[in-house]
Amino acid sequence: MLMIYFDSDYMAGAHPQVMQALAESNLEATTGYGTDAYTARAAEKIRQACQSPQARVHFLVGGTQTNATVIDGLLARHQGVLAAESAHINVHESGAIEASGHKVLTLPQHEGKVWASEVKAYIDHFYRDDSYEHMVAPGMLYISFPTEYGTVYSLQELSELSQVCHEAGIPLYVDGARLGYGLAASDVSLPDMARLCDVFYIGGTKVGALFGEAVVINNEQLLKHFFPLIKQHGALLAKGRLLGVQFDSLFSEGLYEKIGREAVAKALRLKAAFTEKGYRSEVDSPTNQQFFRLPNTLIDRLKEEVSFEYWGPRGQQESVVRFVCSWNTLDADIDHLISLL
Amino acid sequence: MLMIYFDSDYMAGAHPQVMQALAESNLEATTGYGTDAYTARAAEKIRQACQSPQARVHFLVGGTQTNATVIDGLLARHQGVLAAESAHINVHESGAIEASGHKVLTLPQHEGKVWASEVKAYIDHFYRDDSYEHMVAPGMLYISFPTEYGTVYSLQELSELSQVCHEAGIPLYVDGARLGYGLAASDVSLPDMARLCDVFYIGGTKVGALFGEAVVINNEQLLKHFFPLIKQHGALLAKGRLLGVQFDSLFSEGLYEKIGREAVAKALRLKAAFTEKGYRSEVDSPTNQQFFRLPNTLIDRLKEEVSFEYWGPRGQQESVVRFVCSWNTLDADIDHLISLL
Amino acid sequence: MLMIYFDSDYMAGAHPQVMQALAESNLEATTGYGTDAYTARAAEKIRQACQSPQARVHFLVGGTQTNATVIDGLLARHQGVLAAESAHINVHESGAIEASGHKVLTLPQHEGKVWASEVKAYIDHFYRDDSYEHMVAPGMLYISFPTEYGTVYSLQELSELSQVCHEAGIPLYVDGARLGYGLAASDVSLPDMARLCDVFYIGGTKVGALFGEAVVINNEQLLKHFFPLIKQHGALLAKGRLLGVQFDSLFSEGLYEKIGREAVAKALRLKAAFTEKGYRSEVDSPTNQQFFRLPNTLIDRLKEEVSFEYWGPRGQQESVVRFVCSWNTLDADIDHLISLL
Amino acid sequence: MLMIYFDSDYMAGAHPQVMQALAESNLEATTGYGTDAYTARAAEKIRQACQSPQARVHFLVGGTQTNATVIDGLLARHQGVLAAESAHINVHESGAIEASGHKVLTLPQHEGKVWASEVKAYIDHFYRDDSYEHMVAPGMLYISFPTEYGTVYSLQELSELSQVCHEAGIPLYVDGARLGYGLAASDVSLPDMARLCDVFYIGGTKVGALFGEAVVINNEQLLKHFFPLIKQHGALLAKGRLLGVQFDSLFSEGLYEKIGREAVAKALRLKAAFTEKGYRSEVDSPTNQQFFRLPNTLIDRLKEEVSFEYWGPRGQQESVVRFVCSWNTLDADIDHLISLL
């Protein structure tokens, strides 16, 4: 029996159009390190999609290295990065932020999100403490969009975070590892991101590319010497044009949006089916990651034909599991999974 | 007129066989981070090619991140890495080694190579200094093979370096970014590397892959917790199987050796032609990188049809330039270039 | 009117006997960096007081640098340090631990203490997580004794922590910035510390010295290259004998114990007086730091004649304040403060 | 027979006036971390001595920590520090600069000094290299005054260095561990230092204090968040007033200048005597450190009554040795040593 996979959105290679672009350009000779025409064109397309003509765009290989490089570049030595307790940088990056010398200052998470009011309270409280110079100063805010739990910030929420950061004089940085799915599931657009965030990245690895993340620097005062920092962090791809080719393809004919939209639609179909059968979502996620609380007996049965992630027990009889859709998820896979419920 | 390119060995994509393997596996779903079957198979093939059944093999994306991660893992906090003044880690990695806290301790370079006698003298001198505990202890030796100038160590020289390190109780690490070309141009074999070096890496980026470097850990006492270190350094590829697929392909049917052998043959044909015309090699390189001292007038003329790197002036009339061959260099390109001399 | 001070235990210089020893040795010439006879003698006296003849003893200048140096020396790069949320290293050291590359992994605090059961649960939970290699491994446990809230671990509690660490194969490190006060207030002795902890330090700055902390390394497998690490962390005092002279004096004729005992007795007299007047201790501290919840009106009145630290409001009418006793606290000061209640 | 000591200028405690000031203030209670009145007064006296009313002055404990903290604060992450090969930060600080992430970029040393022309050439050459963004950018210049070999920069030389740095837009930082001796031996004054250097420190440890270095920040754009950086580097003294008391004393009644002047006079008397006897200076030092090339037979004979440092052999018959004078060197010591020649 054939297994179907819902483990994650980085199990297959690249979207066929992206792969074709790589194959077609394969024998071409270009200069390295992102100085080629493909990279320039991809950057320009991203600027246009963001309606942000002055933005600087850099392409890195993966998410953890992007977070570490950007955060290291944004913070002064005495500063740390504010982030939700559940933030990827706080939990699942093997201490990459600390390894470059910075503390992650944690905020409570609300289904993976931070609240503007709590960010503001943290900062206010910090500077009211007489001994604040003995403590790590909040130097920037990190959020993920969508979050690690698949949730998204509304335009209103993002605007509030932006304003709190602006008033505190610290940059807002958005980890967009799954940005395509977040844009498809919220009222936030790429131009909104560019307008409200100082720096964000557009995830490729999980949204159609073999690999690659596009860092968009909207605040021109920041990251002025980003190139050597990328190199120093080991995040500079020799054949940089591979990133250019992929993002050029993703930002042609609306492919990036399409991938996000379709995967989210499939995930919501799944969610509706689970709900209809009486199963509960652990988090009310509107994106391509869905978390359900299922009876262990059902989980065992599903596992014979379907692969997905186990997130942990809830009492003796139930557990939380994750199902993820991507451009590589077939309608037939969804149908089949639903038929097993 | 069509330009022909000799700038570097990372201007094109992947060798067609490698690209085909990526294309064929593209839609397949596998687990991430190198836990897939392709990666396991590639590692096994490398162990066999090295005749080193106990070796651990890890795949990283690029050279700078590989150097930074390995060196960080090998050194204690009070130690630095011995390397030639001209070493890539000392000159062209934007301070990645220092950024992870370690000093590069420089040795004189002799056409890019270090001498075993000078390594030994450094270490002896260090421990004879009464104040050595106020200084950075030599904790490992880094060499590149071939070197940044295209030269190679003979088996005898490599054995001597290995012995000096062994006696001093410090590991020998080899940066093999262009290892394929070095193996094709020396009496050193992969099993020799595995026998003599504690850790080395087999470069893919410059030898047929889109990207990727295979770290071979021969000394089982070392780098016991290498996986989290890879992650911490931002060097863990989410779709790790892309590296497995590529190295599986490179280590099938002798492709890796073939790429090295053919590019070196082309480079030597070029060298012979320049020599015959009376031009001098700046370094006597037996590998795919050739450095010639040419009249500036010739350089200007060549530049109209050929792209190559300028390395610096030698007096008023001459300059040193670099020509590099790879799997993507055509015999016709060589012929054409020779015809222009 | 003369002010009396209860702000902290580092407001005055050194205990007169310590100061006298410094004055008497002032014109003497000795070699630097702790290679002198005073330092050797102080180390030997500490080994004897600890009944730990094989212990290595190093003297550093201050607490934060001691914590940063020891922790950096104990952890591998992929590891972090477990500590209470309220731990000094987590809150009040300006990110010194992270600046040397390590994450502080926080545990719940119970009046400043961690529970052995929670340490064990953290470690167990960590290694049960499939993705633990993407996370920062718990590599050691840090506790303070007494804690930041003045509380102490009982011998039983310390033994349990030691056992949990031992079983997990990670070292136990104790920050003894105020160790003298902790020993005076618990059933734990210096030989117990040496037996149960891999590394701990005996605080001098807050217990009679001008400055200085004595690191005692009981586990001979650890910190084998501690000297260059001290230097690297900028924690090596050129005139190292100043530390030797002071600790030699503190560990002569029971001075260190005496200072601890007397200050604790004064603090407890204060506590009894506050309690008798009906005021509540915020934390039930048995050491030289006392935390009371007082009416704001009383606080305002006291502040006219007494200096002490404000810790924060409790509702509208009350606040928590701290009173600290030291060798420099006079009985008359205590009497006068009590008379004001 | 009594030994006389010329090993270094940090063998005794503090100048008696400084020690007296410490003793007199010993029982006084003050707030910590340099927020006391002594520290404020010392800072003000230094500002006056520098004729630099806007300068910020911070007090740290030792030289290595001062260098590491200042350099870490001045450099961006992609930058390194230019320094002579023989610079203390490059040789004798156990990698403290690299441990905080920065490369030391070495320049040739000329009796311990760097040449403005070579600094300029380094910077020019760097930015002419096409691949400079793959290299560590020169972000500041470090010099020591006097140098590790006892030599000093003339006002003219210092002005040239200042101008080169100014034109390149990088700060000039002076390690003044022995500044007092340098000022006594050159045409450079404290106001010159303040005018020409962005940051420098006034060494106390080797010039009359028990310990302590006063960092003077003349360029108000720099090190704006220096306090938390001091704390992060473990360089913040809890009883900060100890530094204030000492520098207050050193900058009263010209004590600091007097100590420098007298020690230099003694050293020059020694130099004259050696020269008269026909012995050669290895370096033509005008300060309190003197380096002589002596017959090994003489060295052996001297060692019976005099303690001094051995710097290394010069051929079979001779060696270089160092004699250092300080406030603690008696005229009788000099006389006796001369009598032995």
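For this structure, a couple of remarks:
By written order: A, B, C and D. Residues from 1 in each chain.
Assume a residue touches a chain if its C-beta (ideal position, glycine included) is under 8 Å from a C-beta of that chain, and two chains touch if they have at least 3 such contacts.
Just so it is clear, the structure is predicted and the values come from calculations on it, not from any experiment.
Using the mean of the Cα atoms as each chain's centre, the chain most removed from chain C is B. In summary, the pair chain A and chain D forms a contact in which both copies contribute largely the same residue numbers, shared numbers making up over half of all those used.
Contact tally for B-C versus A-B: the pair with more C-beta pairs in contact is A-B.
Our note on geometry: chain A versus chain B, Cα centroid distance of 33 Å, whole angstroms. Distance from the chain B centre to the chain C centre is 50 Å, each centre being the mean of its Cα atoms. Counting partners per residue, chain C has 77-78, 93-95, 99-101, 133-136, 228-229, 231-232 as the residues that reach two or more other chains.
The part of chain D that touches chain A in the complex is made up of residues 72-73, 76-78, 100-101, 133-137, 225, 227-229, 231-232.
Across the interface of their complex, chain C is touched by residues 77-78, 80, 91-95, 98-104, 131, 133-136 of chain A.
Every residue of chain B that touches chain A in the complex is listed here, in rising order: 5, 7-8, 10-14, 16, 19, 22-23, 25-32, 61-66, 68-69, 93-96, 99-100, 205-206, 210-211, 228-229, 231-239, 242, 328.
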